[in-house]
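What follows is a structure written as structure tokens; I'll ask about it next.
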Amino acid sequence: MQELLQYLFSGITNGAIYAVIAVGFAVLFNATELINFAHGEFVMLGALGMVTLYSSLQLPLTLAFLLTTVGVSCVGFLFERFAIRTVKRPEPIVLVIITVGASIFLRGVGMLGWGKDAFSVDPFSTHPPFSIAGAHLLPQSLWILVIVLGAVVGLHLFFNRSLTGKAMLACAISRRAAWLVGIPTGRMVQLAFVLSAAMGAVAGIIIAPVTMCSYDMGTLLGLKGFCAAMLGGLGSLWGGVLGGFLLGVLEALGVGFLSSSLKDAIAFVLLLLILYVRPAGLLGARKVQRF
Amino acid sequence: MNAAEKIQDEGAPLLQILSVSKTFGGVKALTEVGFEVAPATIQGVIGPNGAGKTTLFNLISGFYPPDQGTIRYDGRDTDGRSNTELVRLGITRTFQNVELFESMSALENVMVGQHVRSRCGFWGALWRTPGMRREERRIHERAMALLEFVGLGAVAHGRSGDLPFGWQRLLEIARALAAEPRLLLLDEPAAGLNAVETRELATLLLRIKAEGVTQLLVEHDMSLTMEISDRIAVLDQGRLIAEGRPREIQSDPAVISAYLGVQTA
Amino acid sequence: MVARYLRRNWAYLVFLAAVGVTGCLVQNAYYFQVLTFIGINTLLALGLNLLMGYAGQISLGHAAFYGIGAYTTAILTTTWGLSPGLALPCALAIAALVALVVGLPTLKLSGYYLGMGTLGFGMIVHIFLREWTEVTGGASGFIGIPPLTLGPIVFTDDRAYFYLVWATVLLSFILTHRLIRSRVGRALRSIHDSEHAARAVGVDTQRLKLQVFIFSAILAALGGFFYAHLVNFISPDSFNFLVSVRMVTMVVIGGMASVWGALLGASLLTLLPEWLHTFSDFEMVVYGLILMLVMILMPQGLTRGILDAYERSRKNSR
């Protein structure tokens, strides 16, 4: 029982990370129908940003958090401006390859900036782990959960209550119609990239204290976050959340009851399963046309 | 008498639209539309904008199934059949805004049109078997013949995307004929053509009819439709309001009021 | 008759001559190995080229087929003692079967689900190769792969292997060209131009895409076969996600839907790491930048880009 609970705790913690990464994919896909394979690198930049600002420069937590998020959002902005908007032939296959190239480029930048070493970051609070029914829960896990849920709720309110958010959804439903009614679709796309990058940064920031941060941490995280997004349904915010938590828990249980070396395969097996059985994802629309 | 036997009977219709309805999320595009098309005739379908002509067209060409009713081709229901199957059974179509394979030559376009009437796959292609070479020659000759038939023999090797619009239309028809259809569906073939080109189109369609191919023509150009159709179906707001010979349609009060509005005296 | 044959196939003859001359001139074993690698990479790029350029699908896990080819022959020839001549058809058959299983459900859906499926599939294969230690040797790799023997000939000589691989490349070029000029090739090009119209004309687009996918998997496995017997030691890291990305890059840079583009892309990308050794730290940055720039500025790839630029300059000078 205690073992199961421990697995659940670690599963939910990881699940929250996957959830916020998946949400980053969802936000961008919703506005642009683009899958950004470089998303994992935003996570990496967020984590390494914290390494520099919080660990090395010893800036206060909130400031480091904010600066890192803003910094990575700028990267997202620049990415859209120079790599996406300038494309001569914006076919999906071309854009996919561009994002793959960006992923490698950013990883290279990470390596140049921080080298090949792995860094660690202090947890946000120094409270000792909580003991619940014999299982340990790190305070950082609570931070992760709270921040992720806060971010997702914030996004939900943004999309459903604010005018800008609704405008962005309108772009997702029909870019032309949105443009015809006066919504600045170009700005909406920019905003989507910025929001998506910010989500990635947040993921990196909150994960930094519980994992070793290095230039190549982004790839696998990004891919798994993508699997979580597909699991829940690519266009759906809460689908991404559901997919993330589901993936985290299944992974933890898999490590516990199967084998830890196959842990990474679980995400991809789930991806294939969802593609075969229900490509729209658990919460996605029934009819599936393109990605 | 089952459907197969019915077809032996010369007078049996090739296409039967049986009380077909289609709704799109609250909009009743078609309501209980029904008529028949006899083989080797030209059936026109006309109606004001929004009448449901495109919907009917897409239903017959298998783009989506009817919500109610059936479409029967050659005695068989077309429901749920794939595109490839329908083409193999003998139904092909043209597009309103010509969709050619632009990077390919006119000849190659028509050769692709014969895809379902040929068999050579990967194996034959890789090893260039004698069977494959024979089939390629046949495909080539037939494609040239079809281009001559529609009058495009001279531009066979030109890039189809570079052809003038009127010729692109003709090419599309040639491509549709390449699959040896018994039913050819034409989606506003006169759209974008000038008067001379429309004349030539009329001549071509009549020659196609002489070859025994049945045609269903959705058109806005009234004079073309009246001139070459054997029968015309008139749709208005999703319903069939008249069906008969061109002369009958021209003097039908329901048709006149649909197009011109009810007379207020 | 002979003249007409020469005129139609001049490119192949030039290619044949170039290979022959290079084989005679080169003396250094290292150069031979690099050149042989270019040949193997060309095989990898060729199939993927068809898939991306004509069927319009992207495969982000193609290294898995490369790995399947390499590991199958490694296991069969080393552990089971089969002759490479027998191992080859097995490797190709397994790759084809796996491609069928992966492609069948994903290609039923329109859009880029094949890309997603291959991504997941590629990662899974890599993890299995890494973890299934008893069979594959695990992360430390598989050693002791015997040299290639075809009948009485044993290919231990670098030059002989070079000729063998390039002869296979030439054969693949010829076969691919035959494919493109056939009914299948026309159908593929029609899908490329307008999938909608292709379907309306009766082309079974899903089936064709699946067939091309399987064909590309077979070519990748062939590359893997040659790779295993060239280096006699393979490890899972040679078949990871980055390798899949590199394969896609080769096709993209060389030009999709262009047989010679596969050769160009393979050459550039095999030689690039050699040139980048001087900036070894910058390798990833340069790599990523190249990919982005080519796709932004010349999405049809360098082959087409160069040809178009040449045609434009000719038009302007008139």
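When the chains are written out, they are named A, B and C in that same order, and each has its own residue count from 1.
FYI, a residue touches a chain if its C-beta (ideal position, glycine included) is under 8 Å from a C-beta of that chain, and two chains touch if they have at least 3 such contacts.
No experiment lies behind these values; they were computed from the predicted model shown.
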Give me the set of chains touching chain A intersected with the set touching chain B.
C
Which chain has its C-alpha centre farthest away from the C-alpha centre of chain C?
B
If you tally contacting C-beta pairs for every chain pair, which pair wins?
A-C
Per the centroid of Cα atoms for each chain, what is the distance between chain A and chain B, given in Å?
50
From the C-alpha centre of chain B to that of chain C, how far is it in Å?
43
Hey, how far is the Cα centre of chain A from the one of chain C, in Å?
33
Counting only residues that touch at least two other chains, what does the list for chain A look like?
none
Residues of chain B that contact two or more other chains, please.
none
Can you tell me which positions in chain C touch chain B when the two form their complex?
175, 178-179, 181-187, 189-190, 192-194, 196-204, 211, 215
Please output the residues of chain C touching chain A within their complex, sorted ascending.
52, 56, 58, 60, 102, 105-106, 109-113, 115-117, 119-121, 123-124, 127-128, 130-131, 241-242, 245, 248-249, 252, 281-292, 295-297, 299
Quick one: which bits of chain A touch chain C in the complex? Just the residue numbers, please.
35, 83, 86-89, 91-94, 96-98, 100-109, 111-112, 219, 223, 227, 230, 259, 261-262, 264-265, 267-269, 271-272, 275-276, 279, 288-291
Partner chain C, residues of chain B touching it in the complex:
61, 82-84, 86-88, 92-93, 95, 99-104, 108, 111-113, 115-116, 118, 120-122, 124-126, 128, 132, 135-136, 139, 175-176, 179
